[in-house]
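Encoded as C-alpha cells, here's the structure I'll be asking about.
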Amino acid sequence: MITFTIDGQTVQAEEGKTVLEVARREGIPIPTLCYHPAVEPYGACRMCTVEVEAHGRTRLETSCTIPAQEGMIVRTNTPDVYKARQTLMGLFLSRCPNVPLIQELAAQYGVTEPPYPTDTPEEKCILCGLCVRVCQDVVGAKALNFSERGITRRVNPPFLEKTRDCIGCGACTIVCPTGAIEIVMEELAIYQEKPLGPTSAIYVPSLQAVPRVPVIDTDACIRFRQNDRTNGSNADACGVCQLMCEADAINFDQGDEIVELDVGAIIVATGFNMWDPMQMSQYAYGQSPNIITGLEFERLSNASGPTGGEILLADGRKPESVAIIHCVGSRDHSAHPYCSRICCMYALKQAHLVRDKTGAEVYEFYMDMRAFGKAYEEFYERIQEEGVFMIRGKGAKVEVPPDGKLRVKGENANLGVMVSVDVDMVVLATAIEAQPDADRISSLFGLGRTEDGFFAEAHPKLRPVETNTDGVFLAGACQGPRDVPDTVAHTGAAVSMALALLDKGEVTISPAVACVDEELCSACKTCITLCPYSAVSFIEEDNVARVNEALCKGCGTCVAACPAGAITGRHFTDEQILAQIEGLLRIPVEQLVEA
Amino acid sequence: MANTKDTKGTKNGKLKMGLYWAASCGGCEIAIVELREKILDLDAAADILFWPCAMDFKYKDVEAMPDGHIDVCLFNGAIRSSENEHLAHLLRQKSKVLVAFGSCAHEGCIPGLANLFDRQSIFERVYLETPSTDNSDGTLPQISYQMPEGEVTIPKLYNTVKTLGQVEDVDYFVPGCPPQAPQIWAVVEAILGGKLPPKGSVVGANEKTVCDECKHKREDKRIKKFYRPHEIIPDSERCLFDQGIICAGPATRGGCGALCPTVDMPCRGCYGPPPNVVDQGAALLSAVASVVDADTEEEAARVVGEIVDPVGTFYRFGLPSSLLHRSKLD
Amino acid sequence: MNDTNFEPRIVGFLCNWCTYAAADTAGVSRMEQPPNVDIIRVMCSGRIDPTFVLKAFAEGADGVIVSGCHPPGDCHYTNGNFKTFRRMPLLEAMLAQYGIEKERFHWGWISGAEAAKWAQLVRDFTEQVRALGPLNWKRELESKED
Amino acid sequence: MKKISIDPITRLEGHGRIDIFLNEEGDVANAYLLIPELRGFEKFAEGRPVEEMPRITPRICGVCPEAHHMASAKAADAVYHVEVPPAGKKLRELLYSAFYVADHTVHFYILAAPDFVLGPDAPPAERNILGLIHKVGLETGGKVIRCRGMAMDIVGMLGGKTIHPVGAIPGGVSKAINEEERAQIEAWGHELVDFGQFGLQLFHDVVLGNQAYLDMILSDAYTTPMYYMGLVDENNKVNFYDGKVRVVDPEGKEFVKYAPEEYLDVVAEHVEPWTYLKFPYLKKVGWKGFVTGKDSGVYQATPLSRLNAADGMATPLAQKAYEKFYETMGGKPVHGTLATHWARLIELLYAAERLVELATDAEITDPHVRNIPTEKPDEGVGIVEAPRGTLTHHFVTDEKGIVQKCNLIVGTTNNYAPISISIKKAAQAFIKKGQIISEGVLNRVEMAFRSYDPCFGCATHTLPGQMPLEVRIYDAGRNIVDVLRQNME
C-alpha cells in the first residue's frame, strides 16, 4: 500500500494505481475528456493535469498517467493547475465552439468565448482518440484510426470508406465525450423487431427475474461476436463489463454446466408455453407488426421495454384504436379446448393501460368474462366504466387491408349481429399451453399428464401439488393455467409439502408395489423395459430382476407381463383378482338382476 | 409318498411300479428307454409290475389287484376316449401314487390342439375329405357296428382332449414332451428315496423357466418385428426372442436343459407353465405383446398382427389345460 | 339363443384412475345403465393380464370389458396403457380362434371425465352381448362333453 | 355265431383289438383288427404355420418322430419352393440315418431278439430286453444300450432333442455342425458299422444256424405274396430320406415308380366303420377287400418290402448282406414275412454305413445349411421312408404359409390290411370246427404282427408301440368261453 496526499487528504492506493483513479475513488473531482476507465490512459487531452510534489520538486503532471507514489503530495486545484486547464479549454473551445460539453467545461475555467477563430464551427471531435483506442484495444475491430497530422489530423475508417471491420457495436459513440460519432442505421424503425428482445448485450432478463442478475446475450455481445467473427483469434475483445464490474462477477468462460445434486424433493415449476397464433391464419398474426400477442403487449407497455413503456405502433405513432381478442387458441376445439384462465384479466388490464396511456378506443372481443378471483369482478366493472367497448362474441377474423388499418370481424352475440371494427392495433390473448418438452419432463420424473398436456397432480382436489412420484411436486402453470396469485399460492403449497417431507427425514410409500420372487425370476428380462419409473432393474451379479420399492408406483404392468409368474403385485395379486372373478361369477344372474 | 413305507411294501422290499400310457405318441416310453444303462438300476430297485413296451401284464391282473396295490403308477398320455378315462379311474384306484407323466397327461400336449375342432369335423376331414380317401359311401367309424357276423364295438372318441388331472386325482406331475432322461432319473431317485414333495407338485422340473438354462445371451427386449423361424437366420449367441422369434422359454418351466435353443430353434413350451403361472399361453402372450416396441395403437396392432396362429403358438402344448380348455363348441 | 329373459354377465376390468373414476362418476351422477357389468378395479390397465379375461370367460362371463386411460398421455403411470394396446389386439385375435365372438370382448379408453361415455358403453355392450345370447363356457363344455 | 375277441392289452385298455367271428360250424367267418383311437392331426394341422409342422407332426409317433419331422420338413420345403443347400440336406440325412440305427436297434434287440435268442418257449416274463441282457450277458446287452445311445446322441446333437428333434426347418436345418462335432459323429459311426455287422452275425449264428427257425421263415404259413413299396434313389437303391417311391408286384416287377407329388395317383385309402384306421391300397389295382395277390391293391411297406422294391443297397457291406439275403431266401422277391427281421438288420447296417459316409463328406461342416424361402407358399408333399413304412405328408397352405389342408399317410397304416389278412389267416389255420388251439392262435398272430413291427401310434396318429394280445373267445351268446393271453413284445 502506498500512502500519499491529495489536496491535503491522506489517501492509500494499491501499487500501480494512477493518481486519477485514486482521486476518483476518493471523490476528488478531476476533469477529464480523453479518459475512459475501459481504455488505457493516454494523456491526450491533458485536462486531468494536477500539481505533484515529490522528492522536493513540484511539477504539473497528467493524473491519468502518473502512478501513485509513496509520500507524494498532489494538489488538484492550485492556481497553476487552473491556469493550465484554462489554456487547454481555450484551445478546445476554439476548435469545437458549439459542443455543449466543451462550452460548459470551458466556462468552469472562465473561458466563455473561443480565443481563436475557426472555419469549421460545426466540428465536434477534439481528437482525444478515445474512439480509436476503444475500437482498437477494446473491441478489437480496428475500424477507426487517425489520419494525417497537425491541424488536418482527423479520425476516420481506413481510406475514408465504409468498412466491414466495423461491427456496428457502437462502442465509439458511447466513449466519445463530445458526441462526435453517430451510428447511422440503414433503416430507421422502432419496431423492426418485436419489442421483446433485450436492449443491450448484457441485461437482466426481467425485472422480476430471480436471481436478479444480468446475463450476456452472446449473439449481441461484442466479445462473443468478435470471437465468432474471427474464428477465435480475437477472443478477448471488449470485456468492458468485466473491467467495470467491481464485484468481479463477470466470467466469460462460464458455460452451461450440469450440476448433480442429491436432493430429497423436487419441485417441478417448468411453467407454460405461449401457444403460437401462427397456427390459425384467421388472426393474421405475422402479417402486420401491429398484430401482437398479449405477452408482446406486456413488453411494449413495460417501463423497461423498448419504448420506455409508451404504447406505440410500429411506425412510432400512438394508436387511436385497439382491439383485444380473447380466447385465441383457448376454448377452441381446433386448438386447445380448455380455458387459459389468465387472459380475461390481463386483457382487461391491457385495455386499462391503453386507455390510460393513449386514450385510444379499446374493443374487447370476449366469449365469457371469467373474472373469478378476488376483486376481479370489481376490476371488470371499473374497466367498463372507463369506456372500453365490450363485444360479447369471439373475434373471428383479423384482416390487414392495404390502407394501414386493421379490420377485426366478429359476432356481437348480445345483439345478434356481425360486427367489423377498424383498429390500429390488435392484441391477441393467446392460449397458454404445456411446454413442448413436457413429455420429456414427464418421463424423467414419472409424471402423469392430463388430457390438456399439463402435468397431472395426484388428486384434483385433495393433493393439488403432489404427483404420482413421491417427492416430486408441481408448482405453477406446469400443472395447468393459473395466474400470479394462484401460482404463488400453489408454489407455496408445493414448497411446504417439500419442506414437510424433508423435515420428516423419511418417506412413506404405498405398500401396493411389485416385488420379484428371486427364486422364480429366470432372467428373461421381459420386465426391464416396461417400467415407466425404471423401478425394475436387472441385477447382473445375482442374475435376477429386482424392484426398487421406493420407485415403484404399483401400476402392475410388469406383473401382468412377467411370463415366469415371478412378479407379484402386492394388494392386486393374481390370486386376489382371480378370486374376485370367481366370486363375482358365482353369484347367480337372477340375484344380480334383482339387486 | 411322504411315507416311504407305503411305497416299499413288496415282499422283497422293492418298489412296485407301473408304467402305463393312454392317448400319447409313445415318446414317453422311449424316454424311459433313454434312461439307457440306468434302466438296469431301475430294474434292480423296483419291481415293474407292468410296462407295456417291455413287460408282460394283463388287464385282468390289474383289475384283480387290491386297491392301492401299485406303489407308483407313471401314467402318460391324454384322455381322448371313453377307454382312456376308464383306465385312468382304474389305475387311480389301484395305485397309491398316480403320476401324470409327460406333457400329454400333464397338460394335453400337441394332440390337444385338436380341441380347436370337434369330433365331427375331425371325422369329416379324415374319413371324407382327405384327397387320398376313397369313401363314396360316406362311411364313418361307429362306436357300435353290426357286422354280418356280429356286433363290433370301438371306444367313443371324445370331442375334447383332457388331461389326466381333469378326470382323476393326480398326485404328481412330470412335465415334458418327452420328460428328459436326467429328470426322469431324478424323479425315480426321489421315489426310491421317499423324498417326494407335497401332493400336487410338479416334479422332475425346475422352479425357474427355460431361460435360466438357456445359453443365449439376453438383452433388454424391444421387438419391432416378429419373425417366423424360417424367415430369419438368427445370431447364435443372442436370445432368439430378443431377435423377434417368439420363444416360449420365458413362460415355460425349466428342466429340459433348454435343448431346442441349442440348435437355434425357439422353445415351444413343452414343460408347461412355471409354478405361479395360471395359464401358460396367456402369460406368454402378455410377455410377447408387452415388449413390442410400438407407442401408437396402430403400430402395435400392426406388429402383433404379424403373429400368426396365436393359440397354436402360445398353447402349443397346453390347450387342454388352459383356462378355456378348447374352442367353443357349436 | 335369443332368450328374452337372458341377462348377460359382463366383467369389466377398469383402471383406477380413468375408467373406474368415470364409472364412479356415472354412478354418482345417476346415469342410467343396466346392472350387468361387474367391475374389477386394477390400478392400471397395464395390470390386466390376458389371463384375467380368459378366466372371466372360463368362469361364465358372457362378455368382458377392458378399459383404461386414453393413450398416449392420459395414463396415470405414463404409459401403462401402451402395454394394454399392445396386448389386447393379440388377445382379440386369440379369442377369435377360441370361437368367442369379437362382440363379446371390448377394450378401449374412457377417461375420468367421460362418465357419460362409460354409461353409454355399458348400455350398448350389454345389448350387444344380450343379442349374442349366453356364452356360458363352463356349462357349454360340460353339457356337450362326451 | 361265436365271437372271439383278442384284446391286445399292453396298454390295459388295448390300443388294438381283434374280434374273430365263428360261423355255425365253428369255423372262422371273419376277423377284425380294431384300432380304437384317432387323434385328428389332419384336422388340427389346419390353421398352423407350415414351418411349425416339423415340430407338430412328430407327436403322431414318439417312436419314430424323426420320420415325421423329416417328412413335414420336406413337404414344407416344397410348399415354399425352397431348395435346401447341400450341407442342409446331408445333415438331415445324417440325423435320419442315426435315427434308423437307433430305431432298428430297439425293434430288433428289444422286441424281436428275445424271441429268437431266448426262444419262443421262454417264459413271457423273461422275454424282454432285461431278460435278453441276462441271457446274452451284460457285455452284449451293454453294447446294445450303448450303441443305441450313441445313435440317439447324434440325433440330439443335430436336432436338439433325442426324442422329437427340432432342427429341420423349411429351407434346411437350423444349425451347422463344426469339425469337432463331425469328428465325434464319425468316430461313433465307425462303431455303429461294427455294431451293424455284429447284428447280422448274431442273426446268422442264432437264427440261420437253427434249421427250425429257418424252416419257419421259409414256411408257407408265413408267406403272403403281395405288392411291395419302398423309397429308392436314382439307382433304384434303398434310400430312407429321399428319392422316388417304387412299387413292385408280387413277382418282383416294377409296378410303378412315383415322385412324392404324384402319390395321389398311386395310393388311395379305404374306410371301414368298425375301426378308426383307414386301409391304404394301390389305386390302379383297386380295393378288393382283405385279400392279397396281384389282383388286390393291398401292399406292404416294411424293411422286407423296401428290399424287394429296390435293386440293392447303396453301401458296400449292406449290399453284400443284401445279396446273401436273396441267395439264402431263394431269390427276389421274398414273401416270407418273418424275413423282415433279417431285412431290418441289413437296413441297420446300411444306415450305419451311410452315417459314416455323410460324416466324412467334405461338405458336411459347410456353414451354409439353410436358405430363407422367398417364393409364395402353396402346396407340397414330402415323403420319407419311416422304419415301419413309406410316410407321406401333404400340406396345402394359404399365401402366408398357414396350413389349410393336410393329409397324412403314415408308416404302419400301409400295413393295416396285410396285418389284418395275416390275422385272419392265423385264425383260419388254428380255429377249426370250434376247436381253438390257443397256443397256435397266439403264436401265429404274434409272429405275423411282430414281423410287420406295427406301430399304431403312427397308424392311428394316436398310439405307438407293439401289441401284446389278449384273445377273448366268445360263444354265440357272447359269453367268454376262453381267454388267451400272450404278451406280444
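Side notes on the structure shown:
Per-chain residue numbering starts at 1, and chain names A, B, C and D are given in the order in which the chains are listed.
Going forward, a contact is a pair of C-beta atoms (placed from the backbone, for glycine too) under 8 Å apart; a residue touches a chain by one contact, two chains touch by 3 or more.
Since this is a predicted model, take the numbers as computed values, not measurements.
Inter-chain contacts peak for the pair B-D.
Subunit A and subunit D have Cα centroids separated by 89 Å.
Rounded to whole angstrom units, the spacing between the C-alpha centres of subunit A and subunit B is 72.
Centres computed as Cα averages put subunit B at a distance of 25 Å from subunit D.
Subunit D has its Cα centroid 53 Å from the Cα centroid of subunit C. Shown for subunit D are the residues that touch two or more other chains, namely 47.
Among all residues of subunit B, those that touch two or more other chains are 116, 278, 283, 286, 290, 309, 312. With touch defined as above, residues shared between interfaces to two or more other chains in subunit C number as follows: 49, 51, 55, 79, 83, 87, 97. By the definition of touch given earlier, these chain pairs are in contact: A-B, A-C, B-C, B-D.
Residue ranges on subunit D touching subunit B, taken from their complex, read 1, 3, 7, 9-14, 17, 19, 21, 23, 29-30, 32, 34-44, 46-49, 51-52, 55-56, 58-63, 65, 76, 80, 106, 110, 124-125, 127-130, 133, 142, 145-146, 148-149, 152, 156, 158-164, 166-167, 169-171, 173-175, 263-264, 267-276, 278, 280, 283, 287, 370, 372-373, 394, 400-402, 405, 407, 409, 455, 457, 462-466, 468, 470, 478, 483, 485-487, 489.
Partner subunit A is touched in their complex by these residues of subunit B: 207-212, 218-222, 241, 249-251, 254, 273-278, 283-284, 286-287, 290-291. Within the complex, the subunit A residues that touch subunit B are 517, 519-526, 528-530, 557, 560-566, 574, 578.
Touching subunit A in their complex are the following residues of subunit C: 7, 9, 11, 17, 35-36, 38, 40, 42-44, 46-49, 51-52, 55-56, 59-61, 70, 73-80, 83, 87, 111, 113. Those residues of subunit C lying in contact with subunit B across their complex are 49-51, 54-55, 57-58, 71-72, 79, 82-83, 85-87, 89-91, 93-94, 97-100, 135, 137, 140-141, 144-146.
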